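Shared between the two complexes below is chain A, which has chain B as its partner in the first and chain C in the second.
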Partner chain A sequence: MPPPQLWISVFELGCFAGLVGLGYFLILRGAGLFMFALGPLAMFSAMLGSWLLVEYELPLVVPVLAGIVCVVLFAALVEVLIVRPIQERAGGEELPAIVAVVAVLFATQQLAGTLFGRRPLPGRPWITAGPFRLGDVVISGQAVVLGVVTIVVYGAMMLWMSRSHYGRMLRAVGDNQRAAHTLGLPVSNIRIVAFALAGGVAALAGSLFSAKAGVAFQSGLSWTVAGFLALIVGGLGRVWAPLVGGLLVATMQTMAVFYFGPAMLNYATFVMAFLFFMFRPKGIFAPRVRI
Partner chain B sequence: MKYSLTRTIVIAVALALGVAACGAEDSATTTTAPAESTTTAAGATTTAAGATTTAGGENTATGDPIVFGMIEDTSGGASAYSLVQSIGIELAIDEINAAGGILGRPVELIRENDQNESSQTPTLTRRLIEQGAHVILMNSGSASAIAAKPVCQEGIVCLAPGNVSPGIVTPPDADFSYTIAPPSTAMGAAYAGGMPAAGVQRLALISDDSPTMEGFNDFFVPIVEEAGIEIVALEIVPLNASDASAQIARIADTDPDALMVSSLGGQTEILMHSTAALQMPDVPRYTIASIGNQPESWSLASPGVLEGTVFLGTIDSTNPRTQQLEQKLMDRLGDDFVATTGYHAQGYTSIQILKLAIENAGGTDDLVAINDAFEAITDFSPYYGQEQFTLSFGPDKHAGADGDCGIVLAVFGADNQPAGPWDVFQTSC
Partner chain C sequence: MSDHLDTTTAEAASRPATTAGPGRRGPVLEVFGTLALGVVAFLFVGDSPFRQDLAVLTATYALLALGMYIPFIMSGGLSLAYNAYLGAGAYAVAIVGTRTEMSTVLAIPIGMAVSATIAVILGLATRRLSGFYLAGVTLLFGLAFETFLSDADPITGGAAGIPGIPQTEVFGVILTRPTIVAISILSVWVFGVLLSRLRRSPYGVAVRAKRKVPEAVEASGISVPLLVLVALGLGAGVASIGGSLYAMMNGQILPETFTLSVVFLAVFMPLLGGRQSPWGAVLGAVLVVIFTFGLTLFRSTGSLVFAVAVLLVLRLAPNGLLGFVTALAGRLSRRMSGASL
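This part shows the complex of A and B:
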């Protein structure tokens, strides 16, 4: 049996990947696009918040909110100024938009490095309480906050998508954008909402996770892959599927290192990704088509 | 919603391969821009008359500049200490220029950023030489300094201010390469004396996966084993990893007396310390010279994480030369000053030694003469180490440290800042 402490790491990594994966889910449902720039957006929020904290010594809530608001606007602008025009010019082809999003990924990383410096910036725990000891297990205060926020965000998203006007419209657009457009749904607005929400969720994730060991401008790329794997493994069939995917990937990665050493981390990740791409490309919880 | 999953998966796999390739590299690097190149002089601009002003506005040096080339790392795994050393280097150069330069000539600093990618260092070193460098400062990782040796061997002094790998100064191709920091063998000797004094018999080692640390561990482990300490675990954490829990859990299973953290410092080392503090709070920790000399990294750790950690420092606050340097740093950095570290002092000292060598060589017309003059330097008093510590060189001695008293074993306090010397053991001259 692995040490119980490892499950705390699995929980932390899984929640983080699950939040970024939720961002992917929202944009995929709302705009039919894999938003690979979400990792750097999470990084940007964390770095902006940390920079404000270090430079101006503001109360924590101000830099965190500033980071989230900035990234929400950033994500919405990416949709309005980059993704939508490119998709329209490409006649609905998604490849040019994906390439553009990847360019945004690298541009965001470099922008963060230019604005906030190329050295890591400290993250800050949201609460000073902890760590809490439960038998052999030690849980940091930030791990508790990350878990609570993840549950609240996912709960809110599930309610929003099932009960709210825009949430139901997002599902409709995700099922068939052309039909939604024909029915007069405000597809453009829905896409912007999807991007903005995804940006907000990713920004929240970045701010929470950066407390672990700080954040650097290079962090975005690995965070992007973490969220993407969470979505691929979890699937698109349920709102909470990326969280399940994130926890599964985190379990595999953590246990692979524990049992076989750190050299196995990349191999294990590749094998898992390859198996899902080949045999279960729609994830564990695949979307079901009602006939 | 229609979308081509296949195409997206292809792009995603390519992205993931890129991330994994970067993660498998020996250092944290960006995956975008190639190695950067800047050629600005440190704090200096050149007037039409060829005179050089300093950032402070003083100007007494004229004539062709003496060019110090510098390989640095501003964004990779060595950036945590490279940038700190640069502060000491730039301070020294500005002071020298304000005082009339070297032999009446201004000093100009030109830079190349190898991002701690040693495969790029030889090419970048050649670029510096082509741009007129008379000496080279190797201000990146030890692996970079080693990679540059064949280029330096062609006839230009290469001085590594902060690197500790003995490989830099051992043949082949070591006739023009120098170090001034206490070597890793001396660091091993410090812990070979200190750890038994603290009752450590079973030591676990956790290290990052940079080639610099791999080289350091290869020297360090045999030294402590020879002192009777058993290495019960050796775990590796990739640079810029998000988690080190599994590695710490494996170490905890071996029930060590102490944990040695071997890292370039920065975010990765803080992750190791944070995880160890959480999972093994009662196991004493030791570390090398990196994190103890990186004030920018101390704030990355949550309060108290570093408390009690013993590190290999080189700053003795009773050394009058260190006190002088500290005042200069405080004047220069103002509110940004946190602490004087060995990296500041080694960067500052490196410029002073190069100045002495060039003066003794009579100028820069003959770069081999600079090397001969460098080899003739003895009993140089640096700005770090204990007061009696000196640097000496010779044809067969390119590691300048005379004895082990360049090392000061220090301990972190509850505020994650150095709290003073370790009261269990200190090296002697």
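This part shows the complex of A and C:
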């Protein structure tokens, strides 16, 4: 029987993977591609924040906001300058866009490594309150913040996707970009909004999660994998599917490490992705097409 | 500086191949022109131990990129598990060299067989995936392989790697460092020429057609899954040779050499150099080594400069440097013939 404290780790990791997965979800629905660079973008926000804290000792709000604003702009620029032109030129072929996304991933990693150094930087908790005791379990203040932010972000996104004008248009573009274009929807603007929002969510997640174990320029790749897996397991059928996926993946990863040692993490992750692709390629909550 | 000269001549030499004209002179010029460049590269390396290491590293990168050429550039499926194939070749040499009495030369075919087997099994398992999903799953496989190298101590030596690989001996003759440099350059040349021919063979035409119209290829009675599996197996074998040569040259291997970073570099090589010919991948490998090791100016920021260069090329010159030069040369020659008329 795993100790109850372990479930706090599962919760933190699950919320984080769920947030990055939500970023993937937004770009997949709004622009039809897997933005593998979201992990490094989250890392960039966390690194920038920590670096500002260490170098200039600013009040916490400034570095966190700076990280988020930078990444939102960065993500929108990636869409305008790189992804969209390359996708348009490719004429329906997928490979050039994949390569472009991988190139952005690599470039973001190297940029962070060059700007903020190649050594890991410490994170900073958002609140000083805590830790709270609940029976045998110790909950850090940061875990509470992470949980609250995750719920708020997911709630806001669900409302936005179902109620707002732009959110509904985003879903229309994801269903059929050409049809949306024919109907006169502002497809390019919607895509930029999708990228910017996803960048913002990923940046927030990175900044929050880095308080747990710090951040290094290579962290981005494992964060990319965490979000990717959350979306694969969760599916695209519901807005909150990536959160369920993230929590499941976090449970599996944490238990694998607990029972079989740290080396098991990457093996178990690969096997889990693999099993889902073989038997449930659309995830747990598969999108259903209503006619 | 002479590296830059080399690359410009490389572009000139392989130009007939990229335009793929019907003339008979093209292939001959390509074969002998690239061989001449290989000889020039060998003479340039000379006795400098630093240049010898860089030459073998370049050849390793080039073989890795050439291995990815068929499945990635020709067939259009991005598998990121190539660190496993490179690693299999290198660890085969290390394990055969340190734990058996056999010559490490025999490890090369062993590494190729192991790599090809992994590639075919992974290919079978992912045969229904394409695009982003294929890239994602093979990325996870690459990460799992990284863990395997640094964790499975009894087999791979763990984080310390495998030191003390004995010098390679063939029929009682020890292969010296210059000999390994020569073999490396020769291997790149041989596989460059072979792939260039393969690209224009019936198999190559079918693979390239599969990239855009798989249904048409399937309808012509060619099995697309088989086509892809053969491409993956061949590519893994070629990449494995690169790993083997690297291990022979260095005499020791560490797990951090075979991380996904090296795969990312290899993905960008053919894009930077040019996709129309395997020589573009080789040119890309040369550029990577110049950027990351050769120029002191870029030593700390080499990877960043390289990543930005890749993004610029992707955006502005989608056919890579070879394609850019070919187009420029075509325009120039047209203008000159226009002037003479």
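The rule is short, and it goes like this: the second predicted complex is superposed on the first by the 291 of 291 C-alpha atoms of A that agree within 3 Å, B and C clash if a C-alpha of one lies under 4 Å from a C-alpha of the other, contacts with A are read in each partner's own complex, and residues count from 1 in each chain.
Assume contacts are C-beta pairs under 8 Å (C-beta built on N, C-alpha and C of every residue); 3 or more make two chains touch, one makes a residue touch a chain.
The shown structure was predicted, so the numbers you read here are calculated from the model rather than taken from an experiment.
K.L.:
Examine A:60 and indicate which partner it touches, taking first as chain B and second as chain C; both and neither are also allowed.
P.N.:
Touch status of A:60: no partner.
K.L.:
Counting only touches as set out at the top, which of chain B and chain C does A:277 meet: first, second, both, neither?
P.N.:
both
K.L.:
Is A:213 touching the first partner chain B, the second partner chain C, both, or neither of them?
P.N.:
first
K.L.:
Give the label of whichever partner, chain B or chain C, reaches more residues of chain A.
P.N.:
Here the partner covering more residues of chain A is B.
K.L.:
Quick check for you: in the superposed arrangement, does A:94 touch first (chain B), second (chain C), both or neither?
P.N.:
So A:94 meets both chain B and chain C here.
K.L.:
One more residue to check, A:5. First (chain B), second (chain C), both or neither?
P.N.:
The first partner, chain B, only.
K.L.:
With both complexes overlaid on chain A, does A:85 touch chain B (first), chain C (second), both or neither?
P.N.:
Second partner only, chain C.
K.L.:
Which holds for A:286: it touches chain B only (first), chain C only (second), both, or neither?
P.N.:
A:286: touches no partner chain.
K.L.:
Does the superposition put A:225 against chain B (first), chain C (second), both, or neither?
P.N.:
both
K.L.:
Go through the superposed model and pick first if A:103 touches only chain B, second if only chain C, both, or neither.
P.N.:
A:103: touches chain C, not chain B.
K.L.:
On chain A, what residues does chain B touch that chain C touches as well?
P.N.:
Chain A residues touching both partners: 33-34, 36, 94-95, 98-99, 102, 106, 110, 113, 221-222, 225, 228-229, 232, 263, 265-266, 269-270, 273, 277, 281.
K.L.:
Where on chain C does chain A make contact in their complex?
P.N.:
The contact residues of chain C facing chain A are 76-78, 125-126, 128-133, 135-137, 139-141, 143-144, 146-148, 151-152, 211-212, 260, 264, 267-268, 271, 300-301, 303-304, 306-308, 310-311, 314-315, 318.
K.L.:
For chain A, which residues count as touching chain C in their complex?
P.N.:
Per the stated touch rule, the residues are 33-34, 36, 81-82, 85-86, 89, 93-96, 98-100, 102-107, 110-111, 113-114, 221-222, 225, 228-229, 232, 263, 265-267, 269-270, 273-274, 277-278, 281.
K.L.:
Given the complex with chain B, which residues does chain A contribute to the contact?
P.N.:
Chain A reaches chain B through residues 2-3, 5-6, 8-9, 12-13, 16, 28-29, 32-34, 36, 54, 94-95, 98-99, 102, 106, 109-110, 113, 118-123, 125, 131, 138, 140, 173-177, 209, 211-214, 216-219, 221-222, 224-226, 228-229, 232, 254-255, 257-258, 261-263, 265-266, 269-270, 273, 277, 281-282.
K.L.:
Any idea which chain B residues touch chain A in the complex?
P.N.:
Result: residues 1-5, 7-9, 11-13, 15-16, 18-20, 22-24, 28-33, 74-75, 79-80, 83, 209, 235-238, 240, 242-243, 245-247, 249-250, 252-253, 266-268, 270-271, 274, 278-279, 281, 296-297, 299-302 of chain B touch chain A.
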